[in-house]
């Protein structure tokens, strides 16, 4: 399979873990490590099946999780004093620290950002835009209202529903990602908003679902589409970037 | 120069200045004390505070700046060349870490986010939102980063201490963003 | 949009526009006829005509523009001078070479920097930071360059002899910038 999506749109393993904790409504101080590890690995598996580049940090975290899990299975040693440290402590601390700064980022984003609704005569805004070179495009992604993780979550749902009578052997021969990108663009040109799930109707077999999802990821990476979500875990809407109509 | 002239001059300086205008900038040019200048600025702020005016004076990044009113943003956005700055979540998170922990080195940033920070740091430096403050006196002499005046200007902050305290709260539901 | 709002919006547009704002620019953005816009602008012109205001609306080059009042020019010139010069590294290096070696010819500058200096010299001449002092009496009669008064002003130097002595230091760390 030649099509390889580089998933630099990911925010990293800590982000994924926070997402899983929030999704499962888990107490961060008392993480059921085996459940979370299982879900985390499922997630990596999913990324792998999509032929996505998985950053090394994700693998490091996977082994950390498995290590913690094994530590927790061990019966507490009798000799050690009672205050033996919870093997999860370090991880929890890191998660809390990261969460704190995530909130800082949310606060920054909620500020009256210059150039969003208020403008100054300063060259600042124009400068910012002028510097939008190639690398900039790569890094500035159009995921304004949704995290990629949630997109993956939606994909997982669709994927698990897709008919399984075909073997997991994926044949990309019928429809290429490039062709599917074209189709997706056609659909989006016709309608303003398309719900994420609506891209996965009809044949509904796994290879179709995967190709469609990879096509969507690619379009996000190219800043050609916008992905919206009205509320956490809510419906996901997709629209073209250019035909965006204000208010 | 009388008070009315002083206000006129300040207006002119606000118009010409491409960065927030500081009291220090002003007293370098005119022979007045800080208090007099501050008072004149406060009067100007009031004069421009009428909600129907096209712009007002914002106190930001240690200085003052004319800014257009939010109510006109719908039309102003159609102006050529004015497009909102787009910062990815990774960029925002990294900015938050630098803003709160500065002076900070790359390894510390990567520790918090759990991912490589090289690309984002280059991006933010290019946008002048962060800068290299120097090098840390530890093995490897890593670069030390901090936020810039442009950062304050962009996020409408008077100074770095106007950042809210980050709580260690865990009871709030995680926002999906 | 009522008339008051229209005027507010026009004010905001004038603030943001770096070029004279034409009626055509305006009606592209707001759904009003030319006459209405023209009338609103005329009212604004009157509102800004108070001689004590820092700036006024000038009808220029087929459009409208905020301009600072002449009466403040004495101070504003000083203010412009304070604006940090936006000089590239190449320009700064070339300036330094010229400042210390003047009178100097292009070939000598290029010898030091090891790259063509044509573009930078034109740029610096355009900014009035250097000037042609004459021609050197050698084959080819090349132009001789030196720094200007504006150069001294910009770098806040009394005279060219107040330039610091160059040390041959190499131990300073290279800033990542």
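Note that the chains are named A, B and C in the order they appear, and that numbering of residues resets to 1 at the start of each chain.
By definition in this document, a residue touches a chain if its C-beta (ideal position, glycine included) is under 8 Å from a C-beta of that chain, and two chains touch if they have at least 3 such contacts.
The structure presented is a predicted model; accordingly, all values stated were derived computationally and were not measured.
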### Task
Sort the other chains by how far their Cα centres are from that of chain A and give me the top one.
C
### Query
Relative to the centroid of every protein C-alpha atom displayed, which chain's own C-alpha centroid is closest?
B
#### Entry: Approximate Å spacing (C-alpha centroids) for the pair chain A, chain C
46
### Query
Quick one: chain A and chain B, Cα centre-to-centre, how many Å?
30
### Query
Hey, how far is the Cα centre of chain B from the one of chain C, in Å?
23
### Task
Would you mind listing the residues of chain A that make contact with two or more other chains?
119, 121
### Query
Got the chain B residues that touch at least 2 other chains?
15, 17-18, 66, 68-69, 76, 82
### Message
Residue numbers of chain A touching chain C in their complex, please.
### Response
119, 121
### Query
Which residues of chain B touch chain C in the complex?
4-5, 7-18, 25, 28-30, 52-55, 66, 68-69, 71-72, 75-76, 78-79, 82, 125, 132, 134-135, 141, 143
#### Entry: Contact set on chain A toward chain B in their complex
8, 10-15, 18-19, 21-22, 28-29, 55, 57, 61, 94, 96-109, 111-129, 131, 135-136, 138-147, 150, 229, 231-234, 246-247
### Residue ranges of chain B touching chain A (in the complex, touch as defined)
15, 17-19, 58, 65-70, 73-74, 76-77, 81-93, 95-97, 99-100, 111-116, 119-120, 122-123, 126-128, 150, 153-157, 163-164, 166-170, 173-177
### Query
Taking the complex as given, what residues does chain C use to touch chain A?
12, 15-16, 18
